[in-house]
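Okay, so chain A shows up in both of these, paired with chain B first and chain C after.
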Partner chain A sequence: MKRLSLTIVRLALAGLGAFLAVPAMADPTAHDLLAKYDAVMGPESFESVIAMTAHRDDGSSRAYKMRVLKKGDDKFRAWFDEPAAVRGQEMLRQGDNLWVYMPSLKRAVRLANRDSFQGGDFNNADVLRVNYQADYSATLAADAGRADAWLLELKAKTKDAAYDSIKLWMRKADLQPLKGEYYTASGKMLRAAEFSEFKNFAGLVRPGKIVMKNMIATQRYSIMSWDSMNTKVNPAATKFVLDDMGK
Partner chain B sequence: MAQDAAALPDAGTAATPEQSAEIALVVPADAPQRLLVTTNGWLDSRQSYTRVGWDRLLPSRDVPTWSNLSEANIQLKLRWKDKDGQDVGDGGADVSFLYQKAGGYWTADDTGQQARVADHDVATYHPAAIVSELYGNWRPSEHLQILLGKKRITWGPGITLNPTDLLNPPKDPSDPTLQRAGAWLARVEAPFEKWTLSLVGAAKVTRQYGGIPGSLLYYPDYPALTTLDNNGNKVATADDTRPHFATALRAYGLWHETDINAMVYMTQLYNDAFTWKPRLGLSASHIFANAWELHVEALGQTGSARLQVQGDCVQSLATAVGCVTSGKPVAGYSKLDDGVFRAKAIAGVRYMFGDAAQVSAEYLYNGDGYNSNEFSSYISAVQLMSSAARSGLTLPSGAGLATPAPSDPGSPQRFAFDPVRRHYALLSYQQSQIADDWSVIGLVLMDLEDFSGTLAPTVTWSAREWLSITAAGFMSIPGVQSRGGLAGDGTRYSEFGVNPLVWRAFLSARLFY
Partner chain C sequence: MWSLLSIALRNVLRNRRRTMITLAALLLGVGVMVGIRGVLNGLQRALVQTAVSGQTGAIQVHHAGYLKNVIASPLTLDMPADEDFLNKIRKVPHVTAVAPRILFAGMINVGDQTLFAAMQAIDPKREFDAVPLRKMTVSDGGRFTSGKIADAVLLTAELEKGLRGTPGQAQLPAAVLGPDKDGALSGENITIAGQLKLNLPGEKKLAVVPLALAQRLLKMEGRATELVIAVDNIDHIPEVAASLRRVLGSDYEVHTWDQVASFVKQAMERQNLILSLVATVFMILMLLGVANTVLMSVLERTREIGTMMAVGVRRGKILALFLIEAATIGLLGGVAGGLAGLGVVTWLEQRGIEVTMPGSAVPFIIRPYTTLTYLAFVVSLAAGGSLLFAVYPSWRASRMRPVQALAGG
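Take a look at the complex of A and B:
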């Protein structure tokens, strides 16, 4: 009898614990989802090794490998390691400013955010400017076809945003991004992204692979995959200045 | 209802049990790398064919019809980090070994007819080792860096030309990848998030062997009767005991999304005839509407280091002889210390199309360039010297102002642009992906006073990730002859119309590793 009572108490405590551990939650707001997207795709600081393969109309492809470093909301560096023809090339973003360093010229020049990233199907902002909270206002919309996902509709709120609008699907269960569509002001879809191969980088779970399809030249797509991501780095702010490029 | 983001499932760490099974765990490396080494380079073979303007005003006897340039390049970059992953130093090298062959020389004979010149030794086509960069940079703290060695430092935003660049050998606007050489210098730099202070001291190479410097700053005191000046000409050095250097203090700021540089230079016999000359430089670059880049870059000083020709001395060989015998200088640096403020400025706009294409237009004001009369005197002098050269006399140093002679001895250049007049337009178009693996560059450089210029198109095919094939051309545009300078014999010549190069084409194969 005593053993039975103990078991009942244990079950009750376990049930209470479970109740306390999973509080009832209201639906997240668009603002919350956008904050989560930025937290997953652009943590405060990180250093990563990223591979990108650009697939072209004729079936051929070009592979790139780069090391990237991010600090805060607006500082980003990228160093290209592969292929050999672009090794030594660098990119820097500080705020709304973007530069590329060309080793063949030994100098850096300013770039626009909307330029394509290494001729692939990502643009510079897709890679170097993952701070949607700063660039877009968001509203929640319904997608009857995807009951498992939230649909966010983003509208550019700064002139420096890369797209006029974006549709973003995030998985309800864990708020991981699943899919994105990127539009011009005329409503034309430029690109479509699929997020997959979720990885745990020392505690940070995020998509390890993004397939970006070109919706203008529909045979073209680029795949970006994250080989490593270290969120424990604390790079100096002077790593993100124009004069550090090429060193 | 708004909800605190922190109360939501943490997307960065949480996952449902079903999803956990599909999440791969990436184990980080135990310790960060302390030394990062990057190496790359290329093997390049370039075949050139030139349509020689044997009847042009400037002598063509050293301009080959065909040439081959083979280059082996290695670039090394080192970066040291401390145990916390912070940079403590870096270093770099960019070295090329060149083997060149050239032949097929033509000129005009005494009767003005085309005549073959026997293949002969031309310094520009010697095999050479080119140390473009070789430096070490120590970072004792986040806000202090000390660099020593050879480094190319360019602060101005000009696309085809940088008026504020007094340190490096002039770049070739038609083929900038061939001009990566820097200067031997020491630099102390204090970088901060929005601004940087740089103090630079650079020493002129006063003697070199096959591209390797033998002495810096002072000319050697052992018997050295001649050395090469910036145009590759031999000049006497025995009496020159002064130091040849440039110093620069530069402040950079990122202000309202604009790159701003302010520079103060002191130069002495570094790349020109100025001694202990202060100069001021300013530049700015800004992007508008996410597509337009506007830039301006200017340098100002009092005086002019441009060679001034006495017009009445160069009307004929007889007047020149008369001036020489009477002790009147035919040419000299008469405006070197005249106290008149002169500026050299470039202003330009670059439009980025969004598909990796860009077009730029720049205007260059060359404040110490020749006016119409001075240009006529210059042309008359060139005509006299050209006649003398065709008669077998040696051209004096400085005669090659408009020739495609290299400004950095041993460094291969298709074209060295040294503007001698006052107004120029520089237009360029670049499409790095006109089709998959194909890129094009077009450049037009034009003297706005006589509309002569050069046109330099380039097409590159990246056949493999490690191989690119480039076809390039270089054509001189004769311009409007009637607007050119008036020579002593009554003939008018445009600035680029005197160039002994009608056109040049080259094919290059470059293997990257």
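Take a look at the complex of A and C:
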């Protein structure tokens, strides 16, 4: 009986909550959407195993497998396992700086954000710098063609940002990213992304797959898919220093 | 007819001062035309030589579809660079050398600095046989060109400055990075061996690496993306290109130097156009001078024309007389100008003019020259033009009425 009444109270509260929530559900601001994007695509800290397949214009493809670790704002590590050609390569991001450690050189070398990530159609910042709130200023725009999604127009605030401008569509129902278009300063579309396979990664619902199409060499595209993503990690700060690379 | 000619010649000599001034105008005009054409000839020859023997080679071979690909310098469109394949090309008549290259987009790292660069992988042992003038653009104390240092790399000053702040600083660890043929990031340690100058306008951030190192870096052992071919004589280029197309088949594309370095050809066409415009203006000014001279002498000699008509000289003869006078002046002035121009051009050819093209760091010596065909063309233009411009005043002379003319107009 006690249990039942508790349930009823709970239901009532839930109903009340839902009732109260409805009028409170105003349109999100551009800022809210950007924060949501960062929370979904680049949580505070995580460890994940990511697979990437780069499809090339001659029809060939190459599969990569890597482990990525993130701690706080803009501290990333990545370890490559596959294919054999890149096994032992590591990447480190600290703020605006990005290094790659190459076993063939036995040292770390600085890389540029806008350089292609392992020759695929993502760039380094796409993978190892998800902090749109810091990199872009956003305005909410209307897309007459898609009533189910918000359209965000992003303009780069710094030259370290991955792109000069981005159009980002986010689903109204759950504010998940759906589609992205990435442009140069002159307004030429470089790449276009589709987000799909929304999954619950131990409490975090987010896209499990991104297909990135190259709009310059239109036969090329890359698929990135997340095998796992654990946000309940607290990696040691010593993992995010140059000296740790190659060890 | 002969009497008419001798009368015309005497008339030309009658007013010496006026004839001299007209001749001087013609001499200057024709001389300047010959001079400019001569310098331009020399410049264009130097340009072609710089391109053919210093950069592009006479002919280039790529995999079919390479030059038109949306991705600049794609590695997927490659070709063999082994001796068997190269020998197939060497066997084509008039081919003197073949050099394989790989062009790719990569990065050069020095210490803590990494910069994008256009990369050109060349074989030090073969490259300078195919493009001998290119050796002059390298200052490395022989470290790269001898092929003895396997990881020697040459950088343009622009690139080196970006990497090290100032060129020629203390040696820091250096590496070349780039996506290999399959797209995976790859890296090799390098030694910066010296500087490379550009002899034609082009990519300023350029690094030249040994072919073998690039083949290892890009996982392209025994392969190349570009073959540079030298021929014994520039005149044989179209013939050799045609033979190569036949020998290699449709899997490969063969381009002559002017298709690869189309900007050289375009620059030459532009220069020729400007020259024609300048020459036309000069010519017209010069010929207006001739027309003026003839008109003045017609007006001055009204009485004389009346007398000639009164003694029965036909109108046609009067017309011919003035035309011959004008043509004589045109011919004399043209020949004098041609000789003067030839003199100046020959003197400049001996002396040589050193110029540095905008966008290029290597000066070249221009040796102007002219051709008999051009000289003949200019002289006939001066004579023919004078004749043409004298038609109106001569016609007026022939239309005079004898009685009025005798009375002095």
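To be clear about the criterion, the second predicted complex is superposed on the first by the 225 of 247 C-alpha atoms of A that agree within 3 Å, B and C clash if a C-alpha of one lies under 4 Å from a C-alpha of the other, contacts with A are read in each partner's own complex, and residues count from 1 in each chain.
Everything that follows uses one rule, which is that contacts are C-beta pairs under 8 Å (C-beta built on N, C-alpha and C of every residue); 3 or more make two chains touch, one makes a residue touch a chain.
On a predicted model such as this, the values are computed, not experimentally measured, just so you know.
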*Could you tell me whether chain B and chain C fit or clash when both sit on chain A in the superposition?*
clash
*Determine, under the contact definition given at the top, whether A:62 touches first (chain B), second (chain C), both, or neither.*
both
*Between chain B (first) and chain C (second), which does A:201 come into contact with in this model arrangement: first, second, both, or neither?*
first
*Determine, for the superposed model, which of the two partners chain B and chain C contacts more residues of chain A.*
B
*asked:* Looking at A:29 after the superposition, I want to know if it touches chain B, chain C, both of them or none. Which is it: first, second, both, neither?
replied: first
*With the two complexes superposed on chain A, say which partner A:176 touches: chain B (first), chain C (second), both, or neither.*
first
*Now for A:216: first (chain B), second (chain C), both, or neither, which partner does it touch?*
second
*asked:* Between chain B and chain C, whom does A:83 touch in the aligned arrangement: first, second, both, or neither?
replied: both
*Between chain B (first) and chain C (second), which does A:104 come into contact with in this model arrangement: first, second, both, or neither?*
both
_In the overlaid three-chain picture, which partner chain does A:112 touch, first (chain B) or second (chain C), both, or neither?_
both
_Between chain B and chain C, whom does A:144 touch in the aligned arrangement: first, second, both, or neither?_
neither
*Going by the overlay, flag which of 5-13, 167-175, 257-265 or 401-409 in chain C ends up clashing with chain B.*
167-175
*Which chain A residues come up in both lists, the one for chain B and the one for chain C?*
56-58, 60, 62, 83, 85, 104-105, 107, 109-112, 115-116, 119
*Could you please specify the touching residues of chain A with respect to chain B in the complex?*
25-26, 28-29, 31-32, 35-37, 39-40, 43, 56-58, 60, 62-63, 81, 83-85, 87-88, 94-97, 103-107, 109-116, 119, 159-160, 170, 173-176, 197-206, 208, 227-230, 233-244, 247
*Mind pulling up the chain A residues that touch chain C in the complex?*
54, 56-58, 60, 62, 64, 83, 85-86, 89, 100, 102, 104-105, 107, 109-112, 115-116, 118-120, 216-217
*Once bound in the complex, which stretches of chain C touch chain A?*
70-71, 74, 76, 107, 109, 112-114, 116, 173, 175, 177, 179-180, 182-189, 219
*Touching residues on chain B, where the partner in the complex is chain A*: 1-5, 7-9, 11-16, 19, 22-29, 38, 40, 75, 77, 79, 84-87, 90, 92, 132-133, 137, 142-143, 152, 154, 157, 159, 176-177, 180, 182, 189, 191-193, 196, 198, 252, 254, 257, 259, 285, 287, 289-291, 293, 352, 354-356, 432-433, 436, 462, 465-466, 468, 512-513
